[in-house]
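Both complexes below contain subunit A, partnered by subunit B and then by subunit C.
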Partner chain A sequence: MSLVVPSWQVETRNKTSAPFGLAAVATVLLAFAVPLLVSRGVVQDLFFILTMLVLAQNWNLLAGYAGLISVGQQAFVGFGAYAMFACVILFGADPLVAVLIAGVLSMLLAIPTAFFTFRLQGPYFAIGTWVIAEVVRLLLAQWKALGGGTGTSLPREATRDMIGVGLMRDLFGMKASAAGDALTYWIALILMVLTVGFVYGLLRSKQGLGLAAVRDNEQAARAVGVNARRMKAFVYLAASFITGIAGALIYVQKARISPDAAFSVTDWTAYVIFIVVIGGIGTVEGPIVGVILFFFLQNLLAGYGSWYLLMLGLIGILVMLFAPRGLWGLFSDRTGIQLFPVRRLLRGGSLNRAHKGVPHG
Partner chain B sequence: MNWLDTILQGVLLGGLYALFAAGLSLVFGIMRLVNLAHGDLIVLAAFVILALVTTLGVSPIVGALIAAPLMFAAGWALQYFVLNRTLGKDMLPPLLVTFGLSIVIQNGLLEGFSADSRRVSAGSLESASIALGPVNAGIMPLMTFLSAVAVIVCLNQLIYRTAVGRAFRATSDDPATAGLMGIRPQRIFALATGLAMVVVTIAALYLATRANFEPTSGPARLIYAFEAVIVGGLGSLWGTLVGGVILGIAQTVGAAINPEWQILTGHLAFLLVLLFKPRGLFPRAVD
Partner chain C sequence: MTILRLEEVSKKFGALTVAEQISFAVGEGEALGIIGPNGAGKSTLFNLITGNIAPDSGTIHFSGADVTRVAPMVRCLSGMGRTFQIPQPFEQLTVFENLLVAGSFGAGRQESEVSDRCAEILVDTGLIDKANVLAGGLTLLQRKRLELARALATEPKLLLLDEIAGGLTEGECRSLVATIRAIHAKGVAVIWIEHVLHALNSVVERLLVLHFGRVIGIGTPDEIMASREVREIYLGIEV
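Now for the complex of A and B:
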């Protein structure tokens, strides 16, 4: 934070952010120990929560900050998963190395897709991303070496001999399958921490301020020198990289892929949108609140099949209509609490009075 | 001769896509709203027709005639009570609300009608065909195409020749000023969506009688409609028809080469147009 006038200072810190930061660090450290303490089922549930949170943070960054409303992020989940499968099955790569390669390939895929979708204005961008996802799905369904339209499985040896599995077997005496679950869980945890850190760091940076300015008023932002197009392209590429990694990681754990599942609009976009909308779009806290609520709703109601999805849709509509800033928005507006503060406050100086910036600016 | 036949089938299929697209185009033109549930509303209308045909024993066309006012009312209410609340500078609320609606409709239909593929029988019309020079055209596809032309002529007449159309155009240009002239934008929007639902019912009639459909068929219909609109260029209904025809030809030609490629070649044709003509073939609107 640079000083504009010597005695003035721009800060984003607030009363709750420091204790929360400590609590968050403690929670993450505790979370690392989880696979040693609880059953495999719980580890798998937590893995699901963590990966959905990563996807949600990405979608929130796109839609809530960059104004890029995509309903085609399943393109990168599916492509990342398929890239990982290709690396493992065709080139015999280690699944964990393949996950990283999948992220890079997903980002490369985002370059041509951005070229097309960025030509579509406003709401048509949304459907354009969907078309791209369909094209990628249909093309990969033609790839016979990876099972074509019916899909294929990861070879058993690949996950059993994954880097680190042997080590964990020796250290903790875990079975290969449990060690695999613990390993993917830890990577998901690291990915989640890095993603939240990246999003939060970006929002606090000069670029993040530019991004918020573009979202609030693109013309005004461009008039003061923000390169809106470059910011959006950067966010789009970053989100596709992380989404690709998340997709690949999810499918290391699932170990079975098919085009319909890997490119599912419901699983990778509708759920993610629901999480972000109900938690609170345009905040870092929102997706965290949303994913926890989503997990409980799913456990309570998933047995009801399509009634469950129907209800999620209705809840999403109601929240968007009556509380467009989500549950976290409601809570934050009442209490003024921000756990990941990005609002810049001017402190010190002769007036000795805090000048508030615009909401979540 | 085979190719001529393929292209004719493509042109006629394009009529169906233009019907899918006309309602989307109308709503976007007047209130800049993209309804992500558009495809699901088409499928909903198809199920309404199916229910009417099976319970009342009427022909599909009579079924559509009964369904049209019901769909008009549903569209009017949807716009007036729900979607109007979402309109504003921010495009996020309308997109997310209609996306939620899409999920609600799909799963509602799954509960009500199960996941089975359905079809409405059109009796002897289904297999009837007439010779057009060297090739044969099915009566149903031909009726679809002619209906698309008729719908576009009617919509153009309505928009450019009547008082309601003038109100549509005025509200589209500037809702606030239109309001000063005694037009209530909220009602105009509701009327436009109601009208779009009538077009949707016509599209649903042909969707239901020409091919199998199921509760989850909606998103694909939305995508075809969207592609037809973009290929044709925003703001031109005739352009939308051309866009639908291009999409239809690309799909039937692709299917003739390899049946698995039907959908893919349609999407690729769309991407090619987007590459060389980002604003579509016949752009009219500035935005």
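Now for the complex of A and C:
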């Protein structure tokens, strides 16, 4: 029989996937050992990088994959942080338990928020999210038990007696403060790995494909049977849950809160957008590249006062003009390397012969 | 058995009547062509059928159920596939991924179950060489083919085609007609809006003529072409 029956395969992996996977596992394992090897200052820097990366992955999921360009994610950072403070100060909860509760409460806050903002499109959605963040900030600034407009601190004993701190003191002979830093660092690391895993898993799933369709053309997505509204609502709720947890965790480590800091649009949204945009929006790798670059820029330019923000803005504009898909996008286009590939490439049949090395779009 | 039935469907945009008391039915596996001058309300009629526009009055039944107030997504899931007159591809996705979305969501299946079918549709519609190319990089012609391919991937019982033969060369038009005939031969009902009459007439069993939102004639292509009113309005021939 000379009849050739075309058989099709769908591929997402590429040649860099396997070595990268191994390297990623090794890096994460090494990262777990870091608090035992380096000084407290380095651990705190890494904590900052990890938490910013979690926020950036969430913003990227919203803007880069669901087309929900929010400039009000500080609402969930601040609300999560305040929810954690409330649980600890008013109800005597353990800070780490309070972090989880804060995530759940942030997600609950997202329900009424979505009710209003989902009626708005494009730039109106962006402005709507910002307005809501301001409303939440002004409301929480009225809460006298948590310090009102001036803010408050976590009780010393709350962080000192946190779950696990005693164990680490006995095990590694750490001081309570160092043990607290190490503990928050480890949780941030776990949160980062889970977030990246969740985002990547979502993008690889059928739902991720539907999400990309909604982002590209909502009307057409509905016409082929995608439930656009439910898809966006799911992403919005998931992002607010993780953002709330990240916000609470950041403030367990800071141990001091004020409405202006916790709801800072610069710290929790502008920097995060900068990270995603310079790294590469719409890729899992982009925020990772972006956060590392951001960290070094911040340290490099820390001494220049307001010039620092001007420089960040200038770099952001240059990247948008000359590398609209970010630095990772630029690198990936040149080399074809993708560490988290999501493209479904069709192989087999006549394609094997005619098109062997199709670029990754 | 009718698959689609419209009863006295009317729609106004302000003072402009775009659909006036439209009633007609399409049988299972039937092919109906819709013609009419520009601005006659053909695309509006499609949007009323697919649910992108809600009618002011009248009812629409699809597959035995009243879908007058049902969302476009649900109509797709119950077997209505459509193309857009102005192609609306998912530009950041590849051509194959465009079909995967339609296949997995529109037909309510897993990606792995529909990938072979999607690949075969790409072969049938002549897009297989572009399978791994971003849809945003396609030419207009390829985008129109993608519209058809994507609608097919949803496994429709009724396929709504909105001017997909416009601007094609004679050869391309013939291959498109062959593709649509093959789809129709598998028992899929087709409603096709088209200006290219000879392409339309080689596929459809009946023609419906729209003029200023009213149905002014429905019948076999020969009957319609013989009608004096249609010739005057649509073909612009003074009789």
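Just so we're on the same page, the second predicted complex is superposed on the first by the 341 of 361 C-alpha atoms of A that agree within 3 Å, B and C clash if a C-alpha of one lies under 4 Å from a C-alpha of the other, contacts with A are read in each partner's own complex, and residues count from 1 in each chain.
Note that in this section a contact is a pair of C-beta atoms (placed from the backbone, for glycine too) under 8 Å apart; a residue touches a chain by one contact, two chains touch by 3 or more.
Bear in mind that the values here come from a model prediction, so they are computed numbers and not experimental data.
Chemist: After lining up the shared chain so the two structures overlap, which partner does A:Ile69 touch, if you call subunit B first and subunit C second: first, second, both or neither?
Modeler: first
Chemist: Between subunit B (first) and subunit C (second), which does A:Leu346 come into contact with in this model arrangement: first, second, both, or neither?
Modeler: second
Chemist: So, does A:Val224 touch the first partner subunit B, the second partner subunit C, both, or neither?
Modeler: Second partner only, subunit C.
Chemist: Name the contact category of A:Ile187: first (subunit B only), second (subunit C only), both, or neither.
Modeler: neither
Chemist: Could you look at A:Val77 and tell me whether it touches subunit B, subunit C, both or neither (first, second, both, neither)?
Modeler: The answer is neither, since A:Val77 touches no partner chain.
Chemist: Of the two partner chains, subunit B (first) and subunit C (second), which one does A:Leu314 touch, if any: first, second, both, or neither?
Modeler: first
Chemist: What part of subunit A is shared between its subunit B contacts and its subunit C contacts?
Modeler: On subunit A, no residue contacts both subunit B in one structure and subunit C in the other.
Chemist: Which of the residues in subunit C come into contact with subunit A in the complex?
Modeler: Result: residues 50, 52, 71-73, 76-77, 82, 84, 88-94, 96-98, 100-102, 104-108, 110-112, 115-116, 119, 122-123, 128-129, 131-134, 150-151, 153-154 of subunit C touch subunit A.
Chemist: Would you tell me which residues of subunit A are touching subunit C in their complex?
Modeler: 6, 8, 10, 206, 209-210, 212-213, 215-217, 219-228, 282, 343-346, 348-351, 354-355, 358, 361
Chemist: Which part of subunit B faces subunit A closely enough to touch in the complex?
Modeler: So the residues of subunit B in touch with subunit A come to 28, 32-34, 36, 82, 85-86, 91-97, 99-104, 106-108, 110-111, 219, 222-223, 226-227, 230, 260, 263-264, 267-268, 270-271, 274-275, 278, 287.
Chemist: So in the complex, which bits of subunit A are touching subunit B?
Modeler: Residues 63, 69, 71, 116, 119-124, 126-128, 130-131, 134-135, 138-139, 141-142, 265-266, 270, 273, 277, 281, 305-307, 309-310, 312-314, 316-317, 320-321, 324 of subunit A touch subunit B in their complex.
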